[in-house]
């Protein structure tokens, strides 16, 4: 077989394979539910209901989507330049760490000063953390996939060390948990009485900003050029290494905002289970969005919906929640294949 | 002084070899994939799946070696999925690899929950027991370290030799090495690049799963979530460290494991009492990064690694 | 030996389409034992496609291939090899990390067995290289071989399999004239040993020299088949091109002042590719300097230095009278150097960018395309539209991904991109490789126009005919060293060939040379 590019893909060609990928994912999820001895229709219905079936559920989904938008953006920015940042998990914790270090009393400032400071601090922490793999890559040619992955393990151990040492909350009854941030550091709710904080608004804002940068700025043009063809970019005079470092700073900063928003908006303190793998799930969010920053908002809501829905489905139907992870992994693999098929025709050769 | 005592003790080296075994198996698997030109980031998840599959098979009543075979077959299944997407379709090896890791991990956990819905602590199996090789195991230090291991470890060492012989002494190995360097050369000689690469990924994934199975069937006797704990990623670093050569990669794995065994032991000494244990746990990961920094500049990467081959591309 | 009557190979009405393009339109061809058939045609005429179908790398849409009376299964290189067909590809298919012996034996034995005795294999290779005059060391790593040696390995790969039919795709493109003669000697030995040969070329004198019969392809059609004895170069040229395509007229050059001067430049070797070794060269306004040489002899390093990709490790670059302290691609562009890269697919363009984005690849960073870090896409799009019109880029519009353009149109866009700013210096590295005759003439006329406008042009090419036709002064590069400059018409191809082979540098007393480098 051989792949042949399609000059002018028809509408069916552009929409058919992705639609099939979604359908196949649903079918596979149904089969998996049947393996678990449940009725597939009720399982899918329960997921949907659990995710969007009530105001409470929908707000829960939005809250869950917030960190995913940040990490999804972080991955989308990096992958666009083919900088393989798999370390969003560590960068998220870096942002959370700065938030609790500065937000638990070190800076006794009012909200309007404290919150922006924490944000900037978090962004810097995440950026600096990813700067190390970026420099190892551009200076020493070390593959960033392995270094960013290993950084996740190193940094989580570092957090664990701090939570059992200097950052340990004396009132925490022995749990490895930080003190709570000041009330001035907490992100307010968007609408009074509804459990949704401004972290979500910030995430949407970031998505729009990233989109503008990618499509309208010279940096965005450089990042796309570097991602698509590093050799041609270098030949044309684009400073490839500088662009990669800038990409890393942006990506790390965005991922760190997820940690900031989780601590300042939702949890109030830092624990080792702050993120149930938001950094890794961000990869799925970004890929499903085809690395489009605005698409990330949509896919983050979708992914968050599946997780939230699967939690309540699991309680009701007794199917393990890991069904959600399997669905997303399947969707990811099928979607990358589907996207290929929108642009290439498989011909026998 | 304490450290020196540790380094000359046979039990230390025996532990190092035990810790090295899963790394050796999975590193060989990754090495075969990469030598054929495919980066397999599914390694972490495939190890998880292998760990569960082998253990579950034995728990359900099969023999130990059948369990190893089951793990291998499950790994090969994920290898088939990976290679199908990355070789004929040429999809991003990064994305597919991470996708396979997610899929393998989540389906393992799903299967675990389905198979053992009620249990709070996972059941144990009768794992592989050490087998002292007659005569050889009587050699001081070396005998204890190398020849008093479980048969699974002996198998791992045999597989390193087999991989090395396959790569450098057989027509198949020649084809694999050529596929990772110049797929066009392979196609021009009437061989199928697709078949060679897919075969390498499938077999390599089988080895990775065996590496996972060692954890549940020889190192321990039970399956826990998170038990692979980044070992797969370390194996990817080991392949680079070993310059894509089986012997060097084996050496790297043993060195790495020795360091890991050392940090475990130093934790228990008076020296270790004052230092947070997390520092020791971090050390192996940091060591991997340092090793990569040292070798990456002069590494002889297979020229066609991560480069998809589309027959007759114009 | 006179060709026998036994037909060893028959292609019957082969048709192959790529999308809308008909690459082969019902082409038939037969080859008799002991015969050399030349497949003549311009780039894009469908020669390589036809041979790839014969060799099973493509599947024909219709038609059949018969070898020794047996129909070959389509799309199966292995079957072609087993039937006794061997192919020497234009782009070598060798693995650099393997030895000559390993490359030759790759895939010969069953994959699932043990390697046969290495000494025996080595002996057979040595015997073949003696018999066919293909000197090469079986234990050398292919990565360390010269281009000529690599081609010998390619031919040995086929001979080792005892092929009966040998296909050579543009085999002389990478050789010096002397090496080409050696190749022909080898081919004659092969014929004497009962092989039959298909020789793909677009060079008339070679076709006349080696073949018995010529099949001419044009635009995917077979337009003629003639015995060499019954034809001549002029007739063949007419058949090959159809209407006589006019090569551009060349006015006398009026060299002006030196715009860029390379003074005693050296660069380090990278792996087996030589760098430059004490090279001095002046690029003068209104003059085309041609750089002849076998590929892999330092052309890349020279192009990199001139194009800003590499800073020399020794020596000085003097631009407009000023020695350069810093040098980068961007600096080169801003200094008015137009760079036409060797590989337009890999370095010249970004396949998944549209034409607009590709057109501003070098200029995106300055007005009018951007200001203070923000793009002005409407200006960029207008510029792209202008280039498309002015340089006759055939495409659906500026929003088309460049991947979908033909090589010729891609090259026209690159020409437009770099020539539109009236550059002072033009670096043209293999500017017509793979282009059809219309595009070739277009590119050449643009280079000449740039020269006549007062630009200094450095033309790098492996095609000696192109160099000799276009250059006002020719330098030969071999092993990273640069020959003196030779004025237009002062050297024969054979004389240049001696320099290309790296001889002549040490005995500086050949005819017609203008001592220049010191």
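First chain written, first letter: the chains are A, B and C, and each begins at residue 1.
As a working rule, a residue touches a chain if its C-beta (ideal position, glycine included) is under 8 Å from a C-beta of that chain, and two chains touch if they have at least 3 such contacts.
Note that this is a predicted model, so its numbers are computed, not measured.
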Overall pattern in which the protein chains touch one another (line/ring/star/complete/other): complete
Comparison of A-B and A-C (more C-beta pairs in contact): A-B
Intercentroid distance (Cα basis), chain C paired with chain B, Å: 44
Distance between chain centroids, defined by C-alpha means - chain A, chain C (Å): 47
CA centroid of chain A to CA centroid of chain B, Å: 29
Residues within chain A bordering two or more other chains: 349
Overlap residues in chain C, where contacts from two or more other chains coincide: 18, 58
Multi-partner residues of chain B (at least 2 other chains): 311-312
Chain A residues within the chain C interface of the complex: 4-5, 7-8, 216-222, 224-225, 228-229, 231-237, 239, 348-349
Of chain A, residues touching chain B in the complex: 1-3, 32, 35-36, 84, 86, 136, 140-143, 145-147, 149-150, 152-154, 157-158, 160-161, 164-165, 280, 283-284, 287, 318, 320, 322-323, 325-326, 328-330, 332-333, 336-337, 340, 349
Contacting residues of chain B [partner chain C, same complex]: 169-172, 174-175, 177-178, 181-182, 184-191, 300, 302-303, 311-312, 314
For the chain B and chain A complex, residues of the former touching the latter: 41, 81, 85, 88-92, 94-96, 98-100, 102-103, 105-107, 109-110, 113-114, 117, 229-230, 233-234, 236-237, 240, 276, 278-279, 281-282, 285-286, 288-289, 292-293, 296-297, 299, 310-313
Complex contacts: residues of chain C adjacent to chain B: 18, 52, 56-58, 77-82, 87, 89, 91, 93-98, 102-103, 105-115, 157
